[in-house]
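Two complexes, one shared chain (chain A), two partners (chain B, chain C).
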Partner chain A sequence: MSKSFRQSQSFLHTWSGLVLGWLLFFIFAAGTIAFWREGLNRWMRPELPRVEQPEVVLAGAQRFLQGKAPDAKSWFITMPSDRLPGAQIFWQPQPKEGEKPRRRRGRDTQALIGASGDAVTARDTRGGEFFYRFHFDLHYVPVIWARWLVGLAAMMMLVAILSGIVTHKKIFKDFFTLRRGKGQRSWLDGHNATAVLALPFHLMITYTGLVTLMAMLMPWAIVANYAERDRFYDAVFAEPEAVERANQPAPLVNLVGVVRDAEKRLGGPIGYIDISEPGDSSARITLSRSGTSMLSARVPSLVYDGASGRMLWQSPEPGGATVTAGAMVGLHAGRFADAGLRWIYFLCGVAGSVMVASGMVLWVVKRREKLPDPARPHFGFRLVERSNVGILAGFPLGTACMFWANRLLPVGMQDRAQWEVHTLFLAIAFSIIYACVRRPAQAWVALLGATGALLCALPVYNMVGTPSGLFAMIAQGDYVMAGADLTVFVFGLAFGAVALRVSRYRPAEKRKRAARSVPATAMPALEPAE
Partner chain B sequence: MIWLALLCALIAFALFGLSMDDHHNRRLGTRPTQVRKRRMRGVAWGMLVMALPLSAGSHGWVFGPILWLGLIMVSAGLVFLYLNFAVAPAKKG
Partner chain C sequence: MLRVLAAVPLGYAVGSLWGMALARILPGDRSQVTIAATLAAFALCAFAAMWAFAARSGWRAFWTLLLMGGLAGAITWLSILVTGRI
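Moving on, here comes the complex of A and B:
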């Protein structure tokens, strides 16, 4: 009874893991990188100095917007801090009669205010935002399709984790066991170790990841309780009533003072400022607390009168369900995490990516030993084997290429930010093609080796080609930039080391296979994954 | 206080790891008796529990438990790497 249960779980584990495994690897790896979203936003604009005085930048943003878009419909300011490249601002022009309001933010309605308080032009890049969006919106795919796919993959992941705990029942008993240099056993131990060591993280991140998509994946609770969908959103994301434009000019109060007052009332730093009808007597300033200072992702906000600077409205105390959902989303995104905790998040994410990748490799390693004719494997085996090489090695290579594109593409290039992203996918496409024409053992080494070399060379280039080289940043005490360089370098070394190991591994494997072929047939083939 | 919490978690996992026959044999040269194993694991659990108030003391009761789980994972990982990759006193396991 228990044996058949475990076998069924093993089957579930194998196939729920495999079917969307590569997509899962993308999601996991990109999400892991996205924990450094803000750091990458800075690192990918190395020409910008660090923000030392946020209030100077904020005042500069207000000055810039008053000059550029004095009678816009709304302004939107990201509150600057030393973790961000500056204050990102957007504005929305007054809608013209008979013209639909534009939803997308055009290039001509946004600017970046740098550390000095003036608008700066940095290289056009999506920075860390790309990894954040790619992590749940994918790319080149309509967003709604992408989210359903990601949601499906996340559900598969949850199934794979839970059935994996049953399948690999020895993970807790063999907690500290790693049998090295033993082929399939080592892969299995590695897979188990990355899984069990960060198991709380894996469960949390998968479950809370589903929570972020819950309104889409399981809309029934909303449908059953709210006649109109908008009413639900009104209840969850409370907002004060909109005001009509009065068409009476009135200067906007100094935002710095409003922010100070709001930070005192909310008990934490401000993250976003939204100003509607600036320069009109009906102006409203909405300030929301930054997600960096609290667990829940549903941040409270305050509304001030733009002309007088009086506080008008406070978001209501959130209910239990909202706090629960907010805390889960917050736990998932980890915006609250300081440097130490953020590193833990990142390392756990790396462990998770390795877990997914090693699971995919394990599928191949296990089946290779049982192939009837190892020289001519069947199609499914070849498909998985080659896709593993192309995708598992392709994504890191693509990321390395994207970082290089960020450094090397000419600053004046049209659609520069888009081409950085295209570079990543071109590199993955190349990897897949390369994996199809070369033997896997060769392709692994070449792709991983190239990734290692590219990553290791990046900090060297930064020292020569950008003003924010490693030693300059350490001297300035800017550990975000220096840390990014060092991390990239360490990852380069790691990829190089893996490439080296793979290249040396081949002969040992052959010997072992020859030695094992006799007992393998003699033993009953009953060894589900364990 | 956060370092104390990390230290507790590290000691806990070192004890958990060493209480396993293989690692005990390789690092300390003997196989642990049942009593010794149980004692090691008891102390280890105690250490893990101790790390929780220490984490909360450093990060408050909202973020403390998250930090605690994080420290547990980190120290388990470190002990895992140490036990498996650091050179053991000459003897084959």
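Moving on, here comes the complex of A and C:
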């Protein structure tokens, strides 16, 4: 079976990869950037100083909420830390008689408490949250459709990886082979090297990615065992008994003290604080441990009495399978990873993006040789070829444009955060159109070169136009901000280098071989073409 | 074309049905078994899709997957008939 099995899997690998390849590229690239979600949340609000004393911020948040919404139905506070721009707070007003409680958090019921402990207004931006959401919710499409599409793409990816392993019989030998400047061979080697180098990562990230959406993609095992879904959730996610509002005023205890006690009991930092019926004698404070401090995404939580500050309830030890699923989700998001491991995650993600991109380019390069008339390729071929340029070069360009929009759009602009995002997609649309009217070789150079220039110029602008320039941040020891600037700069250089290589490449037409005018750039294995 | 049909919708169905069957027959706490079966079901989907392309002919792939899915469905159905759901 060995040979024919491998051939069948080779076919499967090519087609499952191609069909959703561009979508996978978006997912991979956005997910890779989203590993810096928290860092980007800060970097895209350069006017906010770093949080030095989280407890001051927390006390400020409580003070603010007590003044603003003393008899709210609930308060929600993200625990501030030096990795976050501040404490993000939300509150939910008491539902009026006969009115359904609002499920969405409105703009008028949220605020950001900055380093000083007072409410601050930063430029309106979605920051790193955009990449995180885009990674599985996409944009401009209903969320449910998007998640099914992403789930399908992930499933295809899993199949493409498994069949890819089968296809490459010399998987380890291939990894050490990188034939530079040899057109199709180089692309294949680049594809193989980035794929094999990070193979365990790709397999892990794809499978655990499916697991993050498992309740939606694979609800069938629940259906098999439970007549009602809620009974399953009750069994897995235990919750304390709900309490009725007593309508007896009682001041809320100091949250700082409760957090200190909870951190001692849970053995790690607190991530979220949820307070129901603040200011009432029935107030309850729920604190859950931060996902940054443990592998499993199923974080334990504690409930305190809001009036007395006594601990009332502790989430039970989760079962083995719950912890397994939680650890898989945790592995996927990488929130537990410290700086070093975060970088490995990021670089593996870059390798994955390059793997998808080079696979798509390989498809074109391989088929060009087999075309009946290479000078006039058929429509399908041209479509893939042009879309490759527009999308694979368009997303990095769009990201660079979005970062610039984040810096340059006027602060008072209506729907400013939305327009940052629109900028990204407008740039992709422009790239696709540009790729259709220019020769692919030209379009690659222009788009990649523009991306490189835009990215390299950003840190320079930050030094002049924002209070958080590179040297100022290094002097303050703020390595999140400085690191973001440096990373952007290095990526700019890398995109510039790739553009240069493409522009210098001369196709091997003169050598009496099959004509190939595609810029097979012999991209070195780890060149980040994110 | 037949293989694609066998791989995508049928592959998902086979994985899901075996996920259901596993959730019924594995021993242990129901909620934990349910999660374990769900985790395994994704791998089963992938293997079913690979089989759809590895089989000697598209029809063969189609029928074997239909049979596999039917088997899992029967196990689930019988098991629910006997012990019921929670």
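By our rule, the second predicted complex is superposed on the first by the 504 of 530 C-alpha atoms of A that agree within 3 Å, B and C clash if a C-alpha of one lies under 4 Å from a C-alpha of the other, contacts with A are read in each partner's own complex, and residues count from 1 in each chain.
Assume a contact is a pair of C-beta atoms (placed from the backbone, for glycine too) under 8 Å apart; a residue touches a chain by one contact, two chains touch by 3 or more.
Fair warning: this is a prediction, and the values are worked out from it, not measured in the lab.
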item: Partner chain(s) touched by A:222 [first = chain B, second = chain C, both, neither]; value: second
item: Which of chain B and chain C A:11 touches, first, second, both or neither; value: second
item: A:155 touches, of chain B and chain C: first, second, both or neither?; value: second
item: Which superposed partner A:198 touches (first chain B, second chain C, both, neither); value: first
item: Partner chain(s) touched by A:207 [first = chain B, second = chain C, both, neither]; value: second
item: Chain B versus chain C as contact partner of A:24, first or second or both or neither; value: neither
item: Which of chain B and chain C A:435 touches, first, second, both or neither; value: neither
item: More chain A residues in contact - chain B or chain C; value: C
item: Partner chain in contact with A:417 - chain B first, chain C second, else both or neither; value: neither
item: Of all residues in chain C, those that touch chain A in their complex; value: 4, 7, 12, 15-17, 19-24, 29-39, 41-43, 45-47, 49-50, 53-54, 76, 80, 85-86
item: Chain A to chain C touching residues, read off their complex; value: 1, 5, 8-9, 11-12, 15-16, 155, 158-159, 162-163, 166, 207, 210-211, 214, 217-218, 220-227, 231-232, 235-236, 319-322, 324-325, 328
item: Interfacial residue positions of chain B with respect to chain A in the complex; value: 2, 16-17, 20, 22-23, 62-63, 66-67, 69-74, 76-77, 79-80, 83-84
item: Chain B contact footprint on chain A (complex, rising order); value: 175-178, 180, 193, 197-198, 200-201, 294-295, 331, 336, 340-341, 344-345, 347-348, 351
